[in-house]
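Right after this note come the structures.
Each of the next two complexes has subunit A plus one more chain, namely subunit B in the first and subunit C in the second.
Up next, the complex of A and B:
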């Protein structure tokens, strides 16, 4: 991980000393970098260049506008309409709808399938995403046949967040690497709620109490817009919970 | 009106003559025992070829009204060319092998533009569809269009149906049908490795396609 964050712009040349080397593993390029044979590496987005010498990989961390689907992403979509044997699900505004087959739910057969109305929220995984076709989703794990948390999201409310915050919320070590701890802090204060984070910049919050839902949504929005550090998030959570009580 | 041999212009729907006097040729049609022109073009009257030798002697009583069909001149209308005989546009027929370019892919079908029919380059680009069940002969229900075609590929296919107003229906369900030219994501021309893979020589990456067996 870079000690001093290096900001790169599209088309910048990268200092060769920054490119990691490894005895055995080939160099892996992540999102935001492009390899021009034979030996040029060029950033294609503006952001922070991150290098992982252990895995011999490098990528650019950026907080960008439109969500571009890629396979195995978890997303929150809103059902737009139902066609022959598909649901058309909207993942982000002003983009083509993704297709979710009627039978891609746990235990769904032709006779017993969930009836989703237009406007319903679902938590799904992207199965097919490429430049040439509309994306496709599934709400069941194709290997195990179980839902594993996917499916319709009932009640609650979905909030829009930036793509960068959504990615950091989904990180395994979100406190150290993602520097976002607001959801854990809210839970530690005694609020009871559940969340689902979609990589397409949507977070669903569900709870028995509407005040809790609104509070969690506000906390997320302020973390996002203020780009708060962990300390600032702690202060924010304390302030919001005090207002609640 | 039309017994002179000088050619003149006919418009579609123009009366050419009675069907009792003339044989219909290309470019004409019969309606209520009259010959009408179907095209805009020059009218040609071809005199019938006289059979050599003496005419047969009639030895039974026949109604002496119309001359027999072999002796009637043939009237035809052809589109005016610049002197030489202009070929009529060849259209793809069922069973023809055509070359086409993939325009768009969807999960159920690939939309293509038909470029050549056999050896003739077509003047207009006709649209065709290759449905997933016609992509290959085995495991038809498990075909993934993204692993068979990509937009921009040149495909050799066979016409299976003239289809509806918008599309011909094509099939690549034989070994020698399929993608014959493809470009990689990086933009280089790829060469085929086996029946389902093309490889980019510069980057070394493989891409999946339904490859046509080279002749």
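Up next, the complex of A and C:
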């Protein structure tokens, strides 16, 4: 966006001129905004108000707080236990367990479903997130029947990051919009690793080499805690890679 | 009772794998502490220690009480520890869990039973009046190795503490306010510090200093060694866990001594800096009523 970021506080009144209008699509409210009928929209958190006129949606971008599941979020969960036909999955230590049906994996039948032990990590999508209800997850796209990268995560290491960084990492153009380039820079330095970013503030890093995983984890942590700019991230990556060699 | 969130299988495996390759998640050496920070408050006897994300606050205070009848010539010295839900959701108020009991026992053994504080100097009138010194330890944030941080905080708070000056004239005890007479430090004999080793691997072959919370959750055993900078061991606590080779333990003890010397130097330096900061007029030396021991 060309204009300066618009910061809102909980309970602020939003200037009606900022609310996008679209001929066909209905207005969609993202996290941090609440609609009070008939015609009032109020922020519920402090953060930056973002408006997307093309998708006719608006939301508040904020860092911190606890993860509250919402539908279509990609999350990294930890299997807590297995029940008759579903897994109970822990998304964060302070929320109720989410339910992941045994058959919500690619090509899973009663006999071929993956057997997950308590403590196993899975990459999943939230399908149901209502207030006062346990969220539900899936590891397969319900429309195509393909896994699309979701499923159990084997090996590697999961790092805890802030919710804001997880969100920035998940942005389609994370360099321009999210101001985070650290993973691309590490890849450009010739390190081979794969990542899975969970909206619930967890990043899974997998690699053949233990050193690489440790290095990626440190880079993420330092970027997060120091709130580094792209330029600082570049320096950080240079410094870390130098230590490695 | 709330339970701590356990690390996932991937994390457990990875941390162990990395430790086998002498790597730690934060890039430290196996026998390296996280950056240690020690600050004193405006009041006497307030100290805060942070080791990485672990934060411990200790406050020493003193009041005049009646000594115990079986120890008429001794003062009273107590250490109170509290792990509040602020430090970790697994802690509850008024319901001490294992961590808290072990912490208070270890501090008791390290500081009180090793005779670090000269309790006889706290006696005012034999069998009638004495000082009761109390240290309150609050763990503000728990990211592993609370024991070492708490011990350092307690010792720092006590060394920093000044109690009101008193005098006895004709059977009348007078306690002076700080405005009347400069408060005096406690009778301090030696500074013990705790060094905790965590053991990993099937036979506890990898020994690690200053474990973080994640490392603490997957270790197979731990050993807390308390000693002062002269190498006098106050206690060694190896509470259960995998047995460890005696030779390895000896090595741990000698390495612990170098760490304790570092702690001792840091504490002395910080205390000197703090007294310099307080002594603006430069007249502290003539105001003090303290005698050289």
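Things to note:
Operating definition for what follows: the second predicted complex is superposed on the first by the 211 of 245 C-alpha atoms of A that agree within 3 Å, B and C clash if a C-alpha of one lies under 4 Å from a C-alpha of the other, contacts with A are read in each partner's own complex, and residues count from 1 in each chain.
As a working rule, contacts are C-beta pairs under 8 Å (C-beta built on N, C-alpha and C of every residue); 3 or more make two chains touch, one makes a residue touch a chain.
Remember, predicted model here, so these are calculated numbers, not experimental data.
When the two complexes are overlaid on their common chain A, residue A:201 makes contact with neither subunit B nor subunit C. Once chain A of one complex is fitted onto chain A of the other, the partner contacts of A:37 are limited to subunit B, with no touch recorded for subunit C. In the superposed model, A:99 lies in contact with subunit B only, and not with subunit C. Contacts of A:132 after superposition on the shared chain: subunit B is touched, whereas subunit C is not. Residue contacts after overlaying the shared chain place A:120 against subunit C, while subunit B stays out of touching range.
Set against each other, subunit B and subunit C touch different numbers of residues in subunit A, with C touching more. No residue of subunit A lies in contact with both subunit B in one complex and subunit C in the other. Looking at the complex, you find that subunit A touches subunit C at residues 78, 90, 93-94, 117, 119-121, 153-158, 204, 210-211, 213-214, 217-218, 221, 243. Against subunit A, the residues of subunit B that register as touching in their complex are 104-107, 145-146, 150-151, 202-203.
Touching subunit A in their complex are the following residues of subunit C: 5-15, 17-18, 21, 23-27, 89. Against subunit B, the residues of subunit A that register as touching in their complex are 37, 99, 128, 130, 132-134, 136.
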